[in-house]
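Structures follow.
Both complexes shown next keep chain A, but they swap its partner, so chain B is in the first and chain C is in the second.
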Partner chain A sequence: MNRETLVEIKNLSVDFSTAKGALHVLRDVSLSIPRNRVVGLVGESGSGKSTLALALLGLLPDNTGEVSGRIELDGENLLDVPPEELRRLRGGRIAMIFQDPMTSLNPVFSIGTQLVDAQRNRHPQLGRRELLKRADEMLKRVGISNPEARLAAYPHQLSGGMRQRVMIAMALLCEPDILIADEPTTALDVTIEAQIVRLLDDLRADFSGSIVLVSHSLGLISELCDEVAVMYAGKVVESAPTKILFGNPRHPYTLALLACEIDPEDEPGEALVTIKGGLPDLIDVPKGCIFAARCPSRFGKCVEEPPLCEVEAGHKSACWLA
Partner chain B sequence: MNHFWKEGSLARYGAFRLATAVLVLVGSMTLLCCLTLIVPGDPATILLGPRATPEAAALLREQMGLNLPLYERVALFFANALRGDLGVDVINGRPVAAMVFAALPNTILLAVSAIGLAVLIGIPIGCYAAVRQGSLLDQGLAVVSVGLVATPSYVVAITLLYCFSVRLGWFPVLGAGDPGNFVDQLHHLVLPTIALAVGWIGYIARLVRSSLLEVLNEPYIRTARAYGQPERRIVMKYALKLACIPTVAILGVGIGELMGGALFVEIIFNRPGLGSLIFDAIRNRNYPIVQGGILVVVSIFVLVNLLVDFSYAWLDPRVRENLGRAGGGA
Partner chain C sequence: MGLLRRIWASPSGRLGMVATLLVILGGVAAPLIATHMPNQLDVAARLTPPSGAHWLGTDHLGRDLFSRALFGTRIAVGVALAVTATALVAGILLGVTAATAPPVIERTILAAFDIVSSFPSLILALALVAVLGPGLLNIIILVTVVFVPQFGRVARAQTLAVKERPFVEAERALGASGGRILAFHILPNIVGPIVVLASMNIPVVITLEAGLSFLGVGIRPPLASWGTMLFDGFTYLEQSVWPVLVAGGSLTLATLGFTLFGEALRDALDPKLRREP
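This part shows the complex of A and B:
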């Protein structure tokens, strides 16, 4: 399979204005999302992965300050697209699954109404009856039994796992070119999480678009993704096809993340591995390598910022040692 | 049990609410009868004047039922009320029910038009202020509404009366207008309606604005945005329905205050109505009219609150179920 780029993010920087000054949430992020593949964005809380997802959707929060760089969808820079056109892209070419299914659905409208309205951008020519029929079929596909009754139900009458299935159905109904899933299983019970992961894995096969899966769980990423980008403090520090990244990680942060995963063969009582220190200040960003302060293998050169360089085919890392 | 009475059904909820409504009515009428004991001034002596013979006063007290024990008076009152008999006016002997129901339409017209005006103007202003947060209208509303809410309706009434009736002569000064002439009645209704509605316009606008802003920050609104729904649909359909819930609740509670406000407005504009009827009756210790009038006011209050609770349940499916399950409450 040759790798054809669908979305190309080039040098994207996003600031949030805060009372203390500009918060540099994303700094010079470059990433390419290939067509028909699943790309994982992994990193700890505050690494900017959710902001990157929202930027793709053109839904950055109100307190967003300066935004620079490019997000190219088939060559067109989404940052230049007028708001009204961008709105049509959402729910048309781009769709999103949110983290918390408990709050992502409107409590006072039926599932059917919400699924119908979500499709209107994609199928403006279809009436409510047809859209409901599509919703009915899609609910069946995401494993919801008795879809007719569910369409008439309100969100509070459904369990968390069921609601996340509804959210997935909503996204798939839009037949998007790019589907963004922001921590789709984080808010769910472990057993439900496994079901949703299986569902996503099943759907991946006959879904024709690209998927961006945002997660802090390396396990989930390794299971579902073709490629992975590791983010730290607003930067992509390493990116590679999944097998390569997990087999041959080249950035100390990726290594540290892998070490943090709980190994079931560890003796009980053995201390959990953590990365010492905390995220750097994103208002007054320290000079040099962003991970240097927490890095076990830092050396003299780390006072300079390492660029994200290709270390082998398709594998990039931002470390002087890589 | 058929499905009509199943758990969570509106019918079941309604039955419980009706039962509480009856309790409220009985309770308030009992309290009212107690008040006739506490309020200074014996009705008989006030009505007959200071030079009435003790025999005449005793006779009148007996006619008014004031010599009966409290529980008997309450029971008698309700027994009669259920038959549609609210007693007779002590002064001229006319049936109270007829007097109250003659005055009622005027008051209802005033209250409904005031609430209608407040909702019709308040909700769009609130929406606009929320969507154009920080705009001139939004900032102006913040200042003006606080002032309007704090101004009692009778002050507004007097000011309007002075400016538009006395000075400019655009509107009639007193009365409710010629009963047969609809246009004349409307003309008489304008100023009292505005006087009563002004505070509510500001209040509702502020309320809608703040609850709309709150709702617009909810994750499910972000979902609607993420699916590219037009902003108008997001605000007017997805957000407004939720933002209206607190407004409806406030309206229900506010009916009592509105009735109180209507009383002042009726007195100032010398409009016939429940307010002025009860006000005059209290001055004369004409208890049957006070009781009958208050019974009707309380009934309206209870009824409106019932309606509000139902619309609450109608707006929010979660409430519908919880209330049905809890068997009333609220």
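This part shows the complex of A and C:
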């Protein structure tokens, strides 16, 4: 298996400054994103997966405090790149699909104008007519019928599913090396979700870049991803190729997440499985294993922090038991 | 065109539109319609009631009231448009700057807005006249100063709301620069409410200018202004009621027209009030 690395995240830590002190949103995250692969980031709300996606784009919020570590795109550390150059990378080498298609398009411009706009970083030499033609073809590719009419339409005239297709078309038109999809189906109903998943799956075949799929849905991740990283409280606790991770999970948190999936075989009225407790305080981070407080199989050694170690080829887990 | 049709659809909007059009047309075509020169004296016919020679009568110097009212429209509407346009542009500039600049600049701009709007507008205008002196250009400048804060505040509030909307971040993720986001994504999304505010502002400026001219610190005679006409008429009220009626009537027609038009415009632009055809 050819595992040429496109993005290498090394020991990335990100703090947000808050009134109560520094919030350690990402702590010592290391992750590699291979070329032409789909990597899933999964975890509960607040685990830092969206922050990791924003860090890749260089769009961390204004209240970001200290950032350390490296994000290497083809060996170049994105954290050192000057803002103006980083801006050119966005919409060129890196693009993003946002969560809510209902609000991610500018209401005052037509779809065509926005699709043309999206390509200007990638193809500054092309004129409006050529860019419109490319937009037209891309709309066809993402499964929008009658593209000429849609190009003239305004966002409010399209349905949610169609808008998400437009967002996907917009990101693909940038021909990015790396496409970040932040919960791309969360705001859609299930039938549309299935369509979008199928679309992403189809596009994967002829899309030349890597995709980072951020989601809390294990089903979506298992469907689309080659590799998965499970995040908890700002750390990657387990990472592996999808089949291995779902077949042989080695971290108690991954096991707990899998157990939380709703099983249709359950009797009605049966209590849903949850993980007891809540996320730890990320301002005053507890010592030792970050998951210990909620872990059913903790033991004496958990007062020390377990490193993320390879437990088998390509499979890493941060647990003393793994 | 859909917008004008929606304004036309409401009775008060129709009234406002007709009155506004009458006033604007009267001002634009004043030299063509006017039967006399606005400052032409006819001492033999002072303070006459309407007649064939003077359709709306004459004032205390025998000047034709109809013609003076028409030329007064130019002053009133001209000042109102100039003030509103300048205040709108300055307000947007300051408001958007306040919303996007570092806190020190934001606080300075907001403090300036607070100072200006803490005075009643007529009092502030009078104080500024005392500094700048009367005259057409000075009136435009000082009335603009009075009206900048309301545009600035709305522009700032709108910008703050729009810049947090997801499409702005989506745009940033596609590599748009800060200036581009301001010009292409924030501005078009904030102008709607500001334009409505501007249309409602026009009648307020018209009355303020007339008020200043009435008090003798605005437009200087012999320039025909409704405010000065009103004052002259007021002085000779016991001899003829016509000068006051003509000046007051013009003022009423213009302010009522612009107000109704502005309200209809606001309703027409509000999608929640829009009736589906």
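Note that the second predicted complex is superposed on the first by the 322 of 322 C-alpha atoms of A that agree within 3 Å, B and C clash if a C-alpha of one lies under 4 Å from a C-alpha of the other, contacts with A are read in each partner's own complex, and residues count from 1 in each chain.
Quick note on the criterion: a residue touches a chain if its C-beta (ideal position, glycine included) is under 8 Å from a C-beta of that chain, and two chains touch if they have at least 3 such contacts.
Just so it is clear, the structure is predicted and the values come from calculations on it, not from any experiment.
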Simultaneous placement of chain C and chain B on chain A, clash or fit: clash
First, second, both or neither for A:Leu78, with chain B first and chain C second: neither
Partner chain(s) touched by A:Arg90 [first = chain B, second = chain C, both, neither]: both
Which of chain B and chain C A:Leu26 touches, first, second, both or neither: neither
Partner chain(s) touched by A:Leu158 [first = chain B, second = chain C, both, neither]: neither
Contacts of A:Phe98 with chain B and chain C, given as first, second, both or neither: both
Partner chain(s) touched by A:Leu245 [first = chain B, second = chain C, both, neither]: neither
Doubly contacted residues of chain A, that is, touched by chain B and again by chain C: 57, 59, 87-92, 95-96, 98, 100, 103-109, 117-118, 121, 167, 170, 174
For the chain A and chain B complex, residues of the former touching the latter: 57, 59, 87-92, 95-96, 98, 100, 103-109, 117-118, 120-121, 154, 156, 167, 170, 174
Chain A-touching residues of chain B, taken from the complex the two chains share: 218-230, 233, 238, 241-242, 315-318, 321
Interfacial residue positions of chain C with respect to chain A in the complex: 165-167, 169-177, 184-185, 188-189
Interfacial residue positions of chain A with respect to chain C in the complex: 57, 59, 87-92, 95-96, 98-100, 103-109, 117-118, 121, 167, 170-171, 174
